[in-house]
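Here it is: the structure, laid out below.
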Amino acid sequence: MMLRVGVNGYGTIGKRVADALAAQPDMTVSGVAKTTPNFEATAAHRRGYAVHAIDDAAAFAAADVPVAGDLDDLVAASDVVIDCTPAGIGAQNREIYEAHDTPALYQGGEDADVADASFNARANYDEIANGDAEHVRVVSCNTTGLSRVLTPLDEVYGVEKTRATLVRRGGDPSQSDRGPINDILPDPVTVPSHHGPDVNTVLPDLAVDTMGVTVPATLMHLHSVNVTLESDADADAVRETLADESRVFVVPEHARVAGPGHLKELAKDAGRPRGDLWENCVWGASIAVEGRDLYFFQAIHQESDVVPENVDAVRAIAGDADAAESVVRTNRALGVGR
Amino acid sequence: MMLRVGVNGYGTIGKRVADALAAQPDMTVSGVAKTTPNFEATAAHRRGYAVHAIDDAAAFAAADVPVAGDLDDLVAASDVVIDCTPAGIGAQNREIYEAHDTPALYQGGEDADVADASFNARANYDEIANGDAEHVRVVSCNTTGLSRVLTPLDEVYGVEKTRATLVRRGGDPSQSDRGPINDILPDPVTVPSHHGPDVNTVLPDLAVDTMGVTVPATLMHLHSVNVTLESDADADAVRETLADESRVFVVPEHARVAGPGHLKELAKDAGRPRGDLWENCVWGASIAVEGRDLYFFQAIHQESDVVPENVDAVRAIAGDADAAESVVRTNRALGVGR
Amino acid sequence: MMLRVGVNGYGTIGKRVADALAAQPDMTVSGVAKTTPNFEATAAHRRGYAVHAIDDAAAFAAADVPVAGDLDDLVAASDVVIDCTPAGIGAQNREIYEAHDTPALYQGGEDADVADASFNARANYDEIANGDAEHVRVVSCNTTGLSRVLTPLDEVYGVEKTRATLVRRGGDPSQSDRGPINDILPDPVTVPSHHGPDVNTVLPDLAVDTMGVTVPATLMHLHSVNVTLESDADADAVRETLADESRVFVVPEHARVAGPGHLKELAKDAGRPRGDLWENCVWGASIAVEGRDLYFFQAIHQESDVVPENVDAVRAIAGDADAAESVVRTNRALGVGR
Amino acid sequence: MMLRVGVNGYGTIGKRVADALAAQPDMTVSGVAKTTPNFEATAAHRRGYAVHAIDDAAAFAAADVPVAGDLDDLVAASDVVIDCTPAGIGAQNREIYEAHDTPALYQGGEDADVADASFNARANYDEIANGDAEHVRVVSCNTTGLSRVLTPLDEVYGVEKTRATLVRRGGDPSQSDRGPINDILPDPVTVPSHHGPDVNTVLPDLAVDTMGVTVPATLMHLHSVNVTLESDADADAVRETLADESRVFVVPEHARVAGPGHLKELAKDAGRPRGDLWENCVWGASIAVEGRDLYFFQAIHQESDVVPENVDAVRAIAGDADAAESVVRTNRALGVGR
C-alpha cells in the first residue's frame, strides 16, 4: 500500500521533497499546502499536486490555482506530514499534526526540541526506525553534509576531533532580498558555532568544533574540514572510504571543477531536475593527510542534500524498510549517485 | 531525410544547441568538437554525442572520453556546422568550413563580417531563406532580445526611436573567473554602444540607441527599454501585441516575480532543461505608455535565448521550411512558450 | 554669530552632515543624537560631538560613551535640527521639532509631505530662501544627482524630456544585511518609478521618466541618462556646460576610470574624508549627442552627494546667504570640486 | 640623515607605502615609478612625489603629469628601493637594483627566492637587522596576518599546531575586472595551501596547515583560525595576550562589528587615510578555548597590513633601529593602534 505523504510549505525544500516523494514507488503525495499563490503555486498545480491554501483561498483562485482544501484537509488526508515551512513555523504547527495524531517530519531550521528525535540516514536511521519517535527532525543541510562524511570516517578510522569552517551561501538563488552584498561575515561571531552541537543530535559522541562564515554567493555551501583521526590513514584510503558512500561524490581531478559554479553546471549537464546535487561533493584533489590530520573541501547543495534524507525519514518512522533498503530505494528513484 | 548538423565548441551555447538539434524531428547531431576533456566532455559523451577532440585526443582518452575524430572529421560528417567557439575563434574557423564547402552558422560574439548575413528568426528569416548566404551569424543574446520585441512593435505601431539600457550580467553562472565583484561598470563607456548597430544587422532601418552597463550578477541580462512609437498606443494593447509573440513571455503580476532569480526558479519549477528560458521575459506590470513613449523591463537569458534561433537558422540556410513553419517546429520540439 | 545645528540620527548621512557642518565657518554642531552605542557612537564622541542618547543612556555609558542628554536636550540646544534618521522616522519626529519651534531639515527617504518644501541647492535654493518654509526636505541622492545636471541643461538648451535608468546599489558598504546577492531587480517593477516625480518636487515643470534597477553593489549608483533637448547642441558644448558646474565632475578620458571602484579609489587618493565624492561624476567619454538626443553616464555617491546640500539648506532656511554665496562657502569648507 | 627611499610600482601597495614613508621622521620619498598615467599618477603628482615613467614618458606628459625621470633615475636617487610591482615583476627587477648596488624590498606576491630573506616585524626583525641580506621580501598580507598572532601565542603558550582557513577577498575594491561573481572557490584546491609554508619563511619551526577559499568580496580577508596550544590557557588570557600586541586590534563586543564592512566604516569614522586598517582585527567575542584548542576569527585588510612592515623592513636592512624602536616609530608616525 502506498504511503500518503503531505507537504506543508512549498518553497525551496518543500517543492523538492514533493517531487522526491512522487518519484518513490511506495509513496504518493497527498497534497501540498502553501501560503502565497505565486508562480510556485502555479507550478505545483501544473505538476499535479493538490494545492491546499493555508490562508487566503480566494487569492489562489484569482491566480488560477484551484484549491483542494486547507491545511486541516491536507493533514487529514495524509499518513505522514513533512513540514517544510520557514524556520520556527514548524514548531507552531506541531500541535496541528498532533491534533490529527499524524506523524510529522520537521526541517533543520527548527530547534532540535521541535521533535522527539533528529535524523540523518547515514548516522542514525536504525535508531529512529527502532524507536518510537513520531515527530522527527531531519537535520539541516550543513549538519547533513557533515554527518555523511564523519560517520564513515569514524567507523573506519575513528574520529578524535573534527574542526570545520562552514563558508555559507548568503541566500538561495531565488531569495532576492538576502545579503550580504560585499562582505565576509563571521556568522555567528561566537565560536564554536551551533553546527557542531547540531551534529551531536545525530552523532552524540563526536567531538566537532565548527565556525560559520557567511558570504555573498547563492549556489552551495563550502566546508573546509579538518578531522584528526584516531588511527593512521593515507589520502588514497580516505578517498576510497568516501567514494564508497552512495551520497558522497568524490570529484575527479580530470573534471576540472573549480567550485560550486562548475558543480551546478555539471548537474545541469547530467539532466538533474533543477540542477540538484543531492550528494556531498568532495574534491578528490583536496583530500590530504598530515600525520593523523585529514583535510578536505566539500561543497554542499543546501537546496537539495536533505531531500533524500526526508524520504528515508518517512520510511524510518513508518517502519517500512531498514536503512540499507530505504537508501537504495530512494537513491534509485531519484538518481542519487549516478 | 535528416539534416546532419555538427557543433564545434561545446560550452554554454554549444551544449544547448546540440540538445536543441537532437530534439528536432528533422535534424540529427553528427557530433560535437571540444578542446578540453573536462566534465562537459564527459557529459557530451554520456548524452550520446560523438565527441571530436580539437587538439589533444590523448587527454580525452585519459579522462575516459572516447574520441570520434578530429574537427575535420566532424565537418566532413556534417551538412551544416554550427560554430559555438569563443568570440573571435569562429572567424578563424571559417576557412575550415569553406575548405569542406560546408555551410556554417556563427554566434553573436563574432563581428558581423564573419558571415555573409546576420540572422534573427523574427526579424529576417525569409530574407536569409530566400538569399544565398551559406555563412550566417546568429546575432547575440542581447540583440536577439531586442529584435524579438522591436519587430512586432514596428509592425503594429511603427518605431520612431528606441533607447535601451542593457544591464548585463558579468559572466555566466559557470564562469568562475569573471567579474566585477562590487562594481557597476559603464561598458562600454562610450555611447551609444555597439548593440544598436548590431540590431541594424537584422533590422537595418530601425533607429535604436543603446547604453551598456555590466554588474556582478550571472543569471540574466535586464533591459530597461524605451520605445517612442509612431502611433498612439495604450499599455494594454502593447501587452497583447507582445503576448502574441511565441518567444516573448509576459510575466503576469500574480506570479510575483521580482527578478531573474525568480524567473530561473520558475523555469526550474517548470522542469525546463538546465532551467533555460528561451523567451524574452517582459514584466507585464512594467509596460507603460506616456504619450507615444512606451517603457518596459525585459530579462534575457543569455545562455539560451539564441538556441531556438540557431535551430531556425539551420532550416533557413538549408531551405527546408519557411519562417512560420520552422518557428512552430522548433518551439514544439523544445517546449518554447509553454 | 554661529548657527547651532543639531543632528538627529548619526548613521551614513548623519555622520557626514555633522562633519560638514563642523567644517563651516558659520556653523557649529550643537550635538548628535543616536539610538545605539555601537562603534559609530564611540567615533562621534572621539570627534568631539556631544552625544545624546535617544533611548537607553545606560547602554551608552556601558560602552564608554558619555551622554550629553536626550533628544529634547539636543533640540533645545539647536537653532536648526537636521533629521538623519531612517526613512519614515523623520515624519514621526516632526512634532518634536515643532514642539520646540525649531526649524528642521529632513532627508530624501521621507515622503515629500513630511516637509513644507523640498530642496536642492542648484534647483531651488532661492525659492526656499525667499519662502517661509521652516520644515524642508533635502531630496534623495538620486534626485539630487538628476537635479544637478538637468537644471543647467534646461537653462542652456531647454529640456524637452528626460529618460533615465537608475542602476542602484543594493546597500551602503556598511550595511551587511542588504541584498540582492546575485540578481538584477527591476525596482520598482512599475514604470515610471517615483524618482521622476521626486525631481518634480524641486523642478516642477520638467518632463522626466525614470526606471529603477537594483544590483549587488555598494559603492555608487550609476545613471544611464537620455535627455531630449529643445535646441541643438553638440557633445563638446554639453561637456563644457556640465564642467562649469561646481558639483559636477567630468571624468577625463586620460584618468582611465572604469567605474565606481576607480572613482572611490580616486577620492581616497585625493585624501577625501571617508573617500567621499560629493559631486556627480559624469564620464566625459560617454557624453554623446544624436540629433537632439543627449546621452551620458553619471555615477552618484549615495552616501555623500546630499551632504553639501544639507549645509546649503541650513543657510537657506536661516536666511544667511544667497545661493551663490552659500554654495561657494560650502564647497570651499569641504573641498568640493577640488 | 634622512634615508632616501624610492617606490617602484605605484598601485594598491605602492601608494600606501609611499605615504607611510613620507610620514616617517627619518625617511624621505625619493620618487615613485609608474607604468600608466592614469588617475593614480595624477594623484601621486598632486601629493608631491617625483613621478618616474617606466615606459612611455610622453603619455604622462599628455595626461599633465610631469615626469621626473625613468626607473634608473629613481634607483640612482635612492638609498633603498621598495618594489611594489605586480607579482612576478619584482623578480625581473632585481637585476636593475643590483646593477645600482641598491638594497631592495619586495612584496609577498613574489616567490620567497626573489630575495635573500623574508621579513615580518613581529616574527624576525632582529634576524634581518643582524644579518646581511640586502634583498628582502616582506611577506604577503595573509602571512603577515598569521605571523602577528602566532608569534606571541608561541611565545606565551607554545603552538603545537595551527590550522587556518583563509577566506580571501576575490580582488581589491578598485580591481573592477576580478571575480568570482557568485561562487565560493577552493583556492587552491590542493591542501594544505602555500600559505603555511610561507609563514615558515619567517617562523621556520611552526606547524601550520592552511586552506584557501576565494569569495566575491573586496574589503578584507577573513581568517578562521584554530591553534592547538602546548599549554593550557583560557580565553581571557589569550585575549589579553593579543590585546597587548600593538598591531592587533581586539574588536570589543559593544562595538557591534558584524564584519569587514563595519570594520572599514570604523576606520573611516576614525579618519584613517583611505580607511586603512593596518592591524589584524580579532573579534573578541570569537576567542574561545576548548581544551588546548584555541579558536578565533580575524579580518585582515589586504591593502594595508603590510604597509608598516615595509617601513620597518627599511630600517632593518638600513640598520637604523632595533625592532622595538622601529615599530614604535612606525606606529606613532602612522597612527597604528590608535
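We call the chains A, B, C and D, going by the order they appear; numbering starts again at 1 in every chain.
The working rule: contacts are C-beta pairs under 8 Å (C-beta built on N, C-alpha and C of every residue); 3 or more make two chains touch, one makes a residue touch a chain.
Nothing here was measured: the structure is a model prediction, and the numbers come from that model.
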Chain separated most widely from chain B, comparing mean CA positions: D
Result of counting contacting C-beta pairs for A-C and B-C, higher pair: B-C
Whole-Å gap between the CA centroids of chain A and chain C: 46
Between chain C and chain D, centroid-to-centroid distance (C-alpha), Å: 36
Chain centre separation in whole Å, for chain C relative to chain B (CA means): 42
Where chain C touches two or more other chains at once, by residue number: 173, 175-177, 180-183, 185, 216-219, 258-259, 261
Interface residues, chain C side, partner chain A - complex: 170-171, 173, 175-183, 185, 216-218
Residue ranges of chain A in contact with chain B within the complex: 15, 36-40, 42-43, 46, 62-64, 173-177, 181-182, 219, 254-259, 261-262, 264-266, 268-271, 273-275
Residues of chain D defined as touching chain A within the complex: 161, 163, 165, 167, 169, 180, 182-186, 189-192, 209, 211, 213, 215-222, 224, 226, 258-261, 283, 285-288, 290, 293, 295-297, 299
